[in-house]
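Naming follows writing order (A, B, C and D), and every chain is counted from residue 1.
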Amino acid sequence: MPKLPLIPRLISETRTGAASWHPTTITHVALAAGLVALLILTVEPVYAQGRMWIELVLWLCLVVFIWEWLVRLYYSRTHHGVMGYLTTAGGVIDTASALAVPIALACGVTTKSAWLFGAIWLLKLAPQLTSLKLLRRVIVVEAGPLASVLAIFLLVLFVASTLVHVLERDEQPDVFGSVPATLWWAVATLTTTGYGDVVPHTPLGRLVAAIVMVCGLFIFGLWTGIIATGFAAENRRQNFIKTWEYVSKVPFFGRLAPGAITDVTQMLRRLDLPPKAIVVRRGAIGDCMYFIASGAVEVELPDKRVRLGEGAFFGELALLGNNIRTANVVTKETSTLLVLDLVDFRLLMARHPELSKVIDAEATRRMQENLRGGPPQ
Amino acid sequence: MPKLPLIPRLISETRTGAASWHPTTITHVALAAGLVALLILTVEPVYAQGRMWIELVLWLCLVVFIWEWLVRLYYSRTHHGVMGYLTTAGGVIDTASALAVPIALACGVTTKSAWLFGAIWLLKLAPQLTSLKLLRRVIVVEAGPLASVLAIFLLVLFVASTLVHVLERDEQPDVFGSVPATLWWAVATLTTTGYGDVVPHTPLGRLVAAIVMVCGLFIFGLWTGIIATGFAAENRRQNFIKTWEYVSKVPFFGRLAPGAITDVTQMLRRLDLPPKAIVVRRGAIGDCMYFIASGAVEVELPDKRVRLGEGAFFGELALLGNNIRTANVVTKETSTLLVLDLVDFRLLMARHPELSKVIDAEATRRMQENLRGGPPQ
Amino acid sequence: MPKLPLIPRLISETRTGAASWHPTTITHVALAAGLVALLILTVEPVYAQGRMWIELVLWLCLVVFIWEWLVRLYYSRTHHGVMGYLTTAGGVIDTASALAVPIALACGVTTKSAWLFGAIWLLKLAPQLTSLKLLRRVIVVEAGPLASVLAIFLLVLFVASTLVHVLERDEQPDVFGSVPATLWWAVATLTTTGYGDVVPHTPLGRLVAAIVMVCGLFIFGLWTGIIATGFAAENRRQNFIKTWEYVSKVPFFGRLAPGAITDVTQMLRRLDLPPKAIVVRRGAIGDCMYFIASGAVEVELPDKRVRLGEGAFFGELALLGNNIRTANVVTKETSTLLVLDLVDFRLLMARHPELSKVIDAEATRRMQENLRGGPPQ
Amino acid sequence: MPKLPLIPRLISETRTGAASWHPTTITHVALAAGLVALLILTVEPVYAQGRMWIELVLWLCLVVFIWEWLVRLYYSRTHHGVMGYLTTAGGVIDTASALAVPIALACGVTTKSAWLFGAIWLLKLAPQLTSLKLLRRVIVVEAGPLASVLAIFLLVLFVASTLVHVLERDEQPDVFGSVPATLWWAVATLTTTGYGDVVPHTPLGRLVAAIVMVCGLFIFGLWTGIIATGFAAENRRQNFIKTWEYVSKVPFFGRLAPGAITDVTQMLRRLDLPPKAIVVRRGAIGDCMYFIASGAVEVELPDKRVRLGEGAFFGELALLGNNIRTANVVTKETSTLLVLDLVDFRLLMARHPELSKVIDAEATRRMQENLRGGPPQ
């Protein structure tokens, strides 16, 4: 059974259990159906007409999530322990998804309001977002500067609110009559949202508002700069770690010196492709070569089709002068390719001249093989 | 016939065909005229007065686009096959441009509404935007992180909508009465657009709104960071590939070691100039030198004019100490120059000392030649 | 007594004085209580009910800040001199915090308005924000470009205001009747806040408004770009300086060549952890190793617990091929760890092959020690 | 007479002429006075009271700008030629500043409206913004991508306007009745300004609006990314060129190899200081050293004061281990210092070990000199 990265916890638990069908699909269907039902639940005319069906869908979704929760609880008993499961973020979300609506109903909340707790179900998607980890790491690594920006944000917010309250309270006592009320105006202004429901009227109040807007741009600029810097660094790091795993599977790279392997790992780009995807189109202009990290491709030559498997590479002629692709290349199964761009190839060559010899030797061997009918392009 | 980069497909198809005039111009004129006609079509008083003329222009435009579509269909039969043309993005846009209005008219849509389908014509510009490819690649390469940010965006959107719906439905049943209605408020707030037509009134609703605004800034910061990172990397790559082509045409670079060529290619900036453009102005302060990748320039010396063609270079004295330009240099035809800045030149010198000798030798030769009346600086 | 980085001035002054309790906590409590009291002071119904309590809290806060100011004044007399204290940013804020409310009350301002000067108290937090220095340096270093962007901002603001005033004054004399009034519209538009309380109605006025909005995006883009660039550079610099201090405490790095030390310092990430924090979890996938710069950790082996102190390192197996963590590692006290990521380790190895030998030797020694019962993982 | 970088044209022209006073100051005073007069000109009550004075100021300003224009015209006749002056950006602005108001008055425009053409005077500041050149270069270098983003912006604008016009014209014929009217809504939405004066009401219209908002964020992200990338590159380049000039004046750098000079030039930060500025404060923690590129500083030792002139350096002990500053250093005149940070110093040391010897030798010589009473710190 292949590894499923999305909800490995449920999979690994049901692997040995009674459930023979695929739980991921069920969860996703229940989430989608539940989301639609929740959206139309609150639209009065639609709800009046289809009340029975909407509630039926919601009850079914709830049953799925409760069942999912119970299965995971049961299996976690034998693996990480029940508390180990319940204290993870996923466990908390699962528990809340299963219990929030029944508890609300039991507490006497009206049916419609109780079902709105189903919005918690959406959080089940959060652990499945693969890049969320990356974003969380950016926040952790850049926590110091981000906290400072947030503190400046709050400082400007409170000081501006007090000032504008003093300047505007006589003019507009309804909306600027207290500092907490003025905070509403300040947050909408500092984030440059600018609803316009509350607007200062006095010249001095407007001067403060103008300064707050410019501060908003400055704070936002800092914010973006910090996140952008952190993201670029973290992305590079994550890419290296993932690509490193694949590089070890390609025998070609084994011949390089350790320094060259590190450099090449930094430059390779991963490409995950479904089956039957066209990687290279005949006649197109090529500017990169491909290494097969996993899966297989088929080269469609005029006279025959050649299959290339894990560890093979193709498209290297594009980097050696002949940049018109000579054959279509199509994936045969879900494949992960490593792409080496022309610019990176040239940089590698300049830094590691021995690489040039290895690629040239391979290309020559390929061409001869090609003449004799081997793997082409 | 020169290569026209904008709509090479139509050109290459009509090259052998009956059309003797220039189709690019026709398409552009039709697009501009059609756009103006579409804009004033909906302005009631103008339309009432000039109805006949406006419709005449629109019909003429439609005829041009249908003709263009038919020509391309006819020629694609002999080249890529009709389906090959119809399944490309350009083919789909061409087909929709040609057929949308006639089909709408045939279906009984009112004249005015039917012509509004002419907005599709504007999409014909999309394949002509040369940098659009670059932007598309950025999206493809950064698809994972961008999808995650979009998912966070949607998650915050739905959860915030449900929360604010619950908090505000009693206060403002008209605008927060259902979750789908609240979504409208949420999307305007999360993107910091802030129309202000729908605004929470309860303190808790405003607290959630404030959190949504700050989330909006955070999501937007991530978004910008990802795109900025991806764009910088992709831009560097595209520049290298395009510059590499030109570098191979300049004999001067042929004398350098492969490592130096790669470095120099990364540092050169391309400059596309029309004829009669002033490249260097006498008396100005120079901080770069120029290599002619294609085209030709004329050096305007006090006593004579010297023509420099493909592969020549000029302005090198600015990098060797004398930074006052001694002559005007003007392009004689559409030219592509490669610009080497002072800072990059110094970096190159530091990394590849042999380059220094080559440039010095050239400069000395130039000056002697100059004394004897050769090409100057 | 350990050094407290937050308000070292007060601490160092009271160290020799009479005060035996902790002044930082008092200040923070007073700030929090004062902030809450200031917020509810202006909410009429709450104030009417709890007036006595609110004013009591505010008076207490004021007493704390006046006391703090007097203590610092007294001690500064013996250290930096009274003027030296009063001319620093902190001294100005302390003085204003202590005197603003009493002076306002003495001048006959109403009680409620006088207390609003307490908003100055919040500024006491500013010197405590450790990253604020970093942000200030970014502004200083990028002052030139930032001033230019601000000048462009003001230029567009005034020219657009004059234009829109001329175009809209007849249509809406109330809001566009003078250039200063129009400035209010212009600043809300240029910062893309867009309140919508003042909106041009004439076609030409709207055209100018549209151009102003696009200029706003451009100015904002520049602004963000400048700050992001400056922040990335400054952050790198600050990190280096702080990390450098810690690197000198780890004996392992003393064996490296100076070039390698500089490289390693740039790559290490600092991690400040409280006691009992789990650094490494058994069974997790490791992608970094840790050096202990200060503090101590405990390795929880199945059969025993091993304590590692300052200068030790752990988790190196993750970088040498075995990426499953074999033991839990927990901090025993407040610790600062230096983290070396897999990607940076590989880069270091490529640039400084001697490092590889040092780490390998250490790992081998560790494993043998481990077999004999020494520090594990 | 020293070079004045701001308006060298006027200066160099009047150098030989009759004007003995300083024209820059006059222009700046006239600009400031004119701006204030223009602002209050349109405020009815103020204008009614002080009409005579406001108009007097405006006439005086106009006389200054006309005089300035005539002086420049007169001198340009002998230098670059009248047309050479009139075709530069500065010449066009000068001409418009001098002639716009008189021509408007001559054409019979009302006095108040005619004076509003004085807003053109503000453009005189544009050529004085030193960083404006940098920003212009960023736009030139990144013209391709920026144009693409602008094209996408316009494409989305027109297609969204047509769509929303069709969806909303029956609901709100007043504001969405024509495509040009809808464009106003579209531009306010796409730039995330969101006035809220015009808002779609139909569900489909709101869906399109939501997509437009997200497109706005995407376009804005791209925009910021492009400008940030371009700005960082251009800034680095400009800094190198300016710093390079100064590095050649410091004899210390002359001893380094060319590669080290290039590296050091990239790392130095310029610092322009007025006279009597405190560069280094005794007792502070130092993390950089200073080279004097121009001007002079005074080191305030306990027993004497030592003057250091052009080419000298100080503060090097901070980079060699002793990071507590031992003396105050104050500028004696307007000075330009080159700052070398600790991190960059370490990087330089690692790359160019010979640099270490030079600095060490200097530091040793300094200390001995210091013991004998020479330049300290």
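Criterion: a contact is a pair of C-beta atoms (placed from the backbone, for glycine too) under 8 Å apart; a residue touches a chain by one contact, two chains touch by 3 or more.
Everything quoted here is computed from the prediction, not taken from an experiment.
Q: Pick out whichever of the two, B-D or B-C, is joined by more C-beta pairs in contact.
A: By number of C-beta pairs in contact, B-D is the larger.
Q: Could the interface between the copies subunit A and subunit B be described as same, meaning over half of its residue numbers are common to both, or is it different?
A: Different: fewer than half of the residue numbers at the subunit A-subunit B interface appear in both copies.
Q: Report back the single chain whose CA centre is most distant from the CA centre of subunit C.
A: With centres defined by C-alpha atoms, farthest from subunit C sits B.
Q: Tell me the angle, as a multiple of 5 degrees, of the rotation that maps subunit C onto subunit D over the C-alpha atoms.
A: Nearest-5 rotation angle for the superposition: 90 degrees.
Q: Just curious, how far off is subunit D from subunit B if you go by their C-alpha centres, in Å?
A: Computed from C-alpha means, the inter-chain centre distance equals 27 Å.
Q: If you average the CA atoms of subunit B and of subunit C, how many Å lie between those two points?
A: A distance of 39 Å separates the two centres.
Q: Going by the contact rule already set, what residues in subunit B reach two or more other chains?
A: Only 180, 192-196, 220, 224, 226, 228-229 qualify.
Q: Per the contact definition, I'd like the list of subunit C residues that touch subunit A in the complex.
A: Touch residues, subunit C against subunit A: 35, 38-44, 113, 116, 119, 122-123, 125-126, 129-132, 134-135, 153, 180, 183-184, 187-188, 191-197, 220, 223-224, 226-232, 235, 269, 287, 341-343, 346-347, 349-351, 353, 356.
Q: For subunit A, which residues are in contact with subunit D within the complex?
A: Per the touch definition, subunit A meets subunit D at residues 192-196, 224, 228.
Q: Would you mind writing out the residues of subunit D in touch with subunit B in their complex?
A: 141, 144-145, 147-149, 151-152, 155, 158-159, 162-163, 165-166, 169, 177-180, 189, 192-196, 199, 203, 206, 209-210, 213-214, 216-218, 220-222, 224-226, 228-229, 236-237, 240-241, 244, 258-263, 265-266
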